[in-house]
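Presented sequentially are two complexes of subunit A, the first with subunit B as partner and the second with subunit C.
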Partner chain A sequence: MYVNKNLAISDTGFIFNPSTGDSFSTNEVGKFIIDLLKQKKSKEEIISQIVLHFNVDKVNADKDLSDFFAMLKSYQLMLDENE
Partner chain B sequence: MSKKKVVVGVTGLNNIDSPGPGIPVIRALKDSEYFDVRIIGLSYETLEPGIYMHDLVDKTYQIPMPSAGTSSLLERIQYIHSIEKLDCIIPNFDAELHNFIKLSPTLKKDYQIATFLPELEQFESRHKSVLFEFGEKNDVKVPFAKMIFSPSEIYQLEDKFTYPLVVKGKYYDASIASTPEQAVSYVNKISAKWGYPIIIQEFVSGNEVNVTAIGDGKGKCIGAIPMRKLYITDKGKAWAGVSLEDNQLIEIANRVIANSKWRGGCELEFIKSNKGEYYLLEMNPRFPAWVYLSVGCGQNHPEALLKMALGIDVKAFESYESGKLFIRYAYDQIVSLSEFEKISTFGEL
Partner chain C sequence: MSKKSYERPYIQKLNTGTMNKFGTKTEYAPVTAIEGVPVKKLIADYGSPVFVISERQIRKTYHEAVRAFKTRYPKVQFAWSYKTNYLNAVCNIFHQEGSWAEVVSMYEYQKAIQNGVPGKKIIFNGPDKSIEDLSIAVDNESLIHIDHLDELYLLVELLENKKKKARVAIRVNMDTGIYPMWDRFGFNYENGQAWNAINKIMSHPELMELVGLHCHIGTYMLSANAYSVAAWKLSDLAMNIQLRYEKTISYLDLGGGFASANTLKGSYLQGSDIIPSVDDYAEAITSTLLNFGFKQENLPTLILETGRAMIDDAAHLLGSVIAIKRLSDGRRSIVMDFGVNILFTAFWYNHKISPAQEFSHHVEDMVVYGPLCMNIDCVRESVTLPLLNRGDNVVVHRVGAYNMTQWMQFITMRPKVVLIDMDGKTHIIRENETLDTINQMEKMPKHLKSINL
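Right, the complex of A and B next:
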């Protein structure tokens, strides 16, 4: 899984996908996750970083991250390795 | 460096809800750092808003409707040229291009008026009615299509098409029909406006993306900007759009321009299917009404066209900015009755 390397994300969490022309807004946590994805961090590394920086346990972070990944995939912001 | 002074005739001043490309083309030419343009508007109707935009259009002359033929158009251009000394004409309507292409050698030879238009054969080859063959020839996917000449032919197409399908007019208009009855109704409606043939096209589900492009006529694509419509009017026209970064689409546009040796501006309309494949829906033989976005993205296509028309060497653009938006707006111009009277009575303003 990876995010489009050309995805533009501003400091305020505004995301622009230059391939589709779609734009989105995300909160601080979403931006944090996308930044880590752009650095090619694994899911496990991202979960550790979320637990470290936000007030959440590992089980909930894992579940919420899976939901967030599903949403990113549905918006074509995240693709499988073979796509 | 002083700018080169040129006089350019431009059609398509109907900057309305289904806008012609004239005003965006003029804005692009006025932005040129190479040319100092005097714009001669060429209008068909007295209520074309561009006629009254005096900051963009220096003088306007009415010209005969395309149906009047080439001789009356030439006669009118002779008159306009005797006053304005035109250097170039940029026609912007599909329906008038046939006449301008036919007149183009005469305009150049006898009056030194340049144009930059496709050959008649190229122009006809991308016509909606033969687009499927155009796609095969130029190695680009095109939805299967067939021409019909009467509504009753809809019922004979059931082995070739599944519903929904698209009913298209030969120049403008398209509707998606879900049943044969609906298709017949659209055939009647569109043929009443634009005549026959009507094109029946396979429906491909996906996102529409368009490209404004320009070819040098020798197989080189000088520039191409892909755009996705963000807001569409009830007439299906883009009211807002954003430039995209899409190498695959640029590559297809380059291939179409190169293989067809397209000369001039054009708009390529694609649908990106849910499987990520691009299908060419239409190739319009002139700039689109959103061509000013090309200037916003760093590629002034109308300026490049004017340069090539005047025999000035133009290098292909190598980059553009994605993520640039255009957003149209409506604007009420206040026009005095005397101005309206002048264009209505004398055909000049």
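Right, the complex of A and C next:
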């Protein structure tokens, strides 16, 4: 599970994928997660970091992260290790 | 370390080349209070969902309508359309302002009587009036608006036995240039049915006095000109009655049907951008009446039964998010604690929904579902809202007309209705239903009382 390391992300959450030319908009938590994915952090590590830095419990962080991963995959921004 | 506020992660693909010159209406401006009362407090005190009605807004809308008509025409009388919202407190606000009652069933008639409306100031419309209903209306000297010949014959039969005289009008349907033409109620103008009914009534001067003519040309009317056509056709009938029978018609009742600012499903533009103003309707009707040629002393009173435009803005439905989901095609969906069983108008309108708390500028398109385990329970098929979470509150706008009369006890109970008075105080004007409310109507046969599972 990883994101394209060439993704360009601005401080305001603007994302550019140079492989496809697509661009995206994300919010602060989304950018936080993508930065951690680029550092090859696992899902569990990301949840821990979200709970550490943001005012949310683990259950909701986990639920939202699963949904976010599904969106990243649908946009082909995140791929499994064997892909 | 203090933690940052959390907003669930969001990502949206940016598309170019698909610009919409009208843009997409984004409802992220929060509505945190109704008439100064915080939404959170209303929900904490009265539960969620809850209907909230503003007395101030009702009176303001009423005053605007009265001003629009009375500054243009000397004799105007409003009658509150009970079926639009017959909560007694709502009716009495209109009655305090001077509205008569316009009812379409004996149930509504009895509500009006219990609210203290004098029988003479009740307009009894509708196609379903039994001989008992008619008898009560005659005794109370109410204005009986005859819908069909069967009703007329029934009334003649009743009055012959009663030895009493009734005050009647006929409902007239007509082509006003709009589609669909409402011809199921009353007598048609163009094919002579209306004149035929008038002649029949005038042939019984000892039993009935024809005091008025009534029409109701449609609902959510987007053309003020249609009312001008209707006013002309009723005036034509009134003038011909004057000429033939030397009988002055006391009033012309132009009914209701004025649009509210809700947006109809399928409408390209927002409702508030396309509906005529109350001044537009008033100008169309009153200028037609004034210019028709009535002698000053024969100028009929103009009666208006407008409901929707008078009450829609005054009510909000407050609710809460039950769940956030993603549909199989990737669309976001949210489940609210209110459904189409209490928000019947969701079938007609794209109701404006506002969040009741602050959010960031990020928004997403979503489907808004209600809590019913039925596929039809969809409140908005597509709306752009902020990143709502479970437990967040929302405000649905312009729900005053028809929801609190057409609502159903289906799967869930009907909620409380709260009135915010002129001083900002809140009052429960209708309690929420409970299991006992529903069960008290049921009876259990003895052999079904016990079960053994």
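In this text, the second predicted complex is superposed on the first by the 83 of 83 C-alpha atoms of A that agree within 3 Å, B and C clash if a C-alpha of one lies under 4 Å from a C-alpha of the other, contacts with A are read in each partner's own complex, and residues count from 1 in each chain.
Definition applied: contacts are C-beta pairs under 8 Å (C-beta built on N, C-alpha and C of every residue); 3 or more make two chains touch, one makes a residue touch a chain.
These numbers were taken from a predicted model, which means no experiment stands behind them.
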First, second, both or neither for A:T26, with subunit B first and subunit C second: second
Which superposed partner A:N55 touches (first subunit B, second subunit C, both, neither): second
Partner chain in contact with A:S74 - subunit B first, subunit C second, else both or neither: second
Which of subunit B and subunit C A:N6 touches, first, second, both or neither: first
Partner, of subunit C and subunit B, that touches more residues belonging to subunit A: C
Subunit C-contacting residues of subunit A that also contact subunit B: none
Parts of subunit B lying in touch with subunit A, wherever the complex brings them together: 207, 227-228, 230, 241-246, 322-323
In the complex, subunit C residues that touch subunit A: 3-14, 326, 330, 360, 362, 387, 389
In the complex, subunit A residues that touch subunit C: 15, 22-30, 32-33, 50, 52-56, 60, 64-65, 67-68, 70-72, 74-75, 77
Complex contacts: residues of subunit A adjacent to subunit B: 6, 8, 16, 18-21
